[in-house]
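Each chain gets a letter, A, B, C and D, in the order it is written, and its residues are counted from 1.
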């Protein structure tokens, strides 16, 4: 039996499969469908300093092999998370990781500080790549200067594993990856959604209330895979790959490209039990191909 | 009957439907399937100063709702085009436009100069966005400085309609669009392919000989639509929209987002007669919605 | 309520008319408990244009026959493919999803179920459920013409059926909110599902007459289980998910 | 040759074995002329994983019955969906595509057609075409076991059939290039289609024995008509498109 353990900084994963923020609620939504403690890590909803109502409806457009969302970080704020949600999820026997977002550097810092004290939250993922909010969000992740500011500031106050989630809406993602690595990020995760748009030709209106939204799903997989490949060569910290993963084969492709772990997002909507299937599929692949550890396939692409 | 005429600079199109470079050969390949003179404009293969063999096989990977290609500008060079191909296509009763690529600014200039003399070529499209060549190509289109260099230099020697084809692999496409507009481009066309990658998990090898390739087809439509929307607001010259157009409805979406004309690429492979269907579909839409001219829907999105 | 991912079997696909099919699904194992107002998320196979699951209301559950009924209106590729399902085909569902209607306290309440178009789908199961629990109810169904009134016989077997058609081909001529019963009887509870303009008109009537009223909303959905936050509606409590806090809402809570 | 986009009708879908089906297609109008070695591009419907058309060789054309035969090996989603086509289903094809084999000048030439796996598909039509034009030919077919030798009866009705199987269950045991006939007879022309290693071995034999030899290549294709330049193979003349300058190539031209 192949060993599926993977470490991301100090974070110990029982397997490389995590859930992508914003697609898995707080985990409990999926517990009817599978044993969620089997998942390597659960990255919960984007959390901000203060409560956010998110964007108006409609927030969703279906696209060829994908979807656009414009949720806009709806959440009840970090205090509510700490007081009301954390107690209900802290005993899930896996890593619960909080995805943190903000409109100002100080928001990120304040939110990270509050999460730093939570025993059962071993890591946070800094979302500097949300395309669906007017201020902050993606703006931080599309220039090295601002990415460095926010990561540097959070690194000072946050002592556990710090993952930084990168935006694909950039000319050179390796530049940003290297910049946040230099600021002390323990890992980078990519990709967040691609900025896209849908139009209803009949009504001559945008489908989304915000006109543009974030594209996810299999449609983006080729772009995500390319970026993971580029970033894995550019940085020394472990890379977490995501974008359009639907099957174990997809997950394996990301790991071959250089990802140490992967996240599953949109696929959860199509099959709420997909995470365990991917874990099992990776295990079979390793066994069938005589790999003793999942580490053996990280970056193992023959080029 | 709605009027379908559109002008792009001095270029007069009988309708806004063109074919995308590299997907329609020299046009004649499709003449068994439809009357190609009905198409508004035929943009022929990427042409370079000297003959190019392109990249090794494999050059193609199928992806969810799309494909990756790594052709790498295989063509026999501009002299061969002028002497051998031009004579066979110059009498097609539509606009034949040459897509021009190069590895150095001087290549672009020399190629454009040779094409400037051809009577029946009313326009060229400068490809500063090919992701499949090592030198030049996309590199020119991902920084304002280099885009300005090549467009400025070609503008000096090329007197007819100059279209510049933009790369979507950038942080801010409007910046590049404005820069090339300032250098005298008569129009911008977008998007070229998104840089992507495909992996064969079984063989643990990249699918393409070049590892990465260009993503096209419906998968990229949401990104293309968003970029056309952004660029149409940012520049005054007409915008030509493309990326994943399969149907008349798709084409209309691009025009509502601000495109004055559109190009059809990958869809030609699925249905070699798609261009005339799109033309007819646009005409029906205009008639059904009481628009007297196709110009009425350009940028007519209600936001 | 515990949710399941199940592969059900098509027992029968009844062509109701050009636009509608009734899918009668079954399974080897007993179907789990489901409440009126709840819905399922259908995985559509063989449809390149259908990436996400499709939400469909629970039209009826026959526990004795172990049948789940879905009434499907063909509007796009996803529903078209559902309508082409054949006997013994397998179809993957997540169920049961969403909340349910709030029943009145008193069994002798005057209850009206108002439906239009495919919105009548959840009302059949609601009516049957009310009846089973000892609540008599009446139906007020609206459509463009008689052809658009679906499952009339099924409704009639449960309670009184009132109707309006725009062309007068059945029941009273006009819209549901113009039906004479609304001037004659003061109902204790109204439950409604149908096109938004219809539900808004019903809600207005309920507010005017101070009647308890719940509406069942539609919305575009991705997950159906409260994970994605794509399906919100604006309420007095802010944005809430239609898939978990709805689809059934008291009109007092909506910002209509 | 003029190319067409045609909707053909499935007249019969013959299950050859677990891995193979034979699609017999027809049309109301007379099928256009097609040559051996040419192929069609099939549009696969209802398959979310199949975006591009799929190239399939012309297996046989029966102009009298107005039938086009396609022999399909199920390897992925596209060919699986093709294998599920039912009588009277419509299937959209672009045809005829590619070049053809070069026939010898002399009718009494000794001709051998060597095929393996699904690569025997174009050889049936080539054999029939040769026969019709007065050229006798022999077939040398290879497979893992007898089950893998397809359409044996059809081949036998055209000419002599020699075979090799890896397990010896039919013909001689071994690979096609080990067949004894190759040591006994000096052929004037060899045409081959099958797995690349097999074709390379045949080409080597042909070169060694100085025999005229054409191979039919496979390749991943997008357009099938020479427009996209995705399907190149490396030749003495540089990169050329398999879909237009092939699929049939003289081995002298290939860089094997």
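Everything that follows uses one rule, which is that contacts are C-beta pairs under 8 Å (C-beta built on N, C-alpha and C of every residue); 3 or more make two chains touch, one makes a residue touch a chain.
For clarity, every value in this text was computed on a predicted model and none was experimentally measured.
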Mutual neighbours - chains that touch subunit A and subunit C alike: none
Statement: Touching subunit A and subunit D alike are B, C
Message: Using C-alpha centres only, name the chain that sits farthest from subunit A.
response: D
Field: Interchain centroid distance [CA atoms averaged], subunit C/subunit D, Å
entry: 55
Message: Counting only Cα atoms for the centres, state how far subunit A is from subunit B in Å.
response: 34
Task: Report, in whole Å, the distance between the mean C-alpha point of subunit B and the mean C-alpha point of subunit D.
output: 36
Query: From the C-alpha centre of subunit B to that of subunit C, how far is it in Å?
result: 48
Statement: In subunit D, the residues touching two or more other chains are 48, 51
- line: Going by residue number, subunit A touches two or more other chains at 61, 63-66, 217
Chain contact topology (line, ring, star, complete or other): ring
Message: Output every touching chain pair, sorted by label.
response: A-B, A-C, B-D, C-D
Interfacial residue positions of subunit A with respect to subunit B in the complex: 61, 63-66, 68, 142-143, 169-172, 194-199, 201, 203-206, 211-212, 215, 217-223, 225-226, 229, 244, 249, 252-253, 256-257, 285, 297, 300-303
For the subunit D and subunit C complex, residues of the former touching the latter: 46-48, 51
Query: If you look only at subunit A, which of its residues touch subunit C in the complex?
result: 22-25, 29-30, 32-33, 45, 53-54, 56-67, 69, 71, 74, 217, 266, 268-273
- prompt: Taking the complex as given, what residues does subunit C use to touch subunit A?
  reply: 2-5, 43, 48-53, 94, 219-234, 238-239
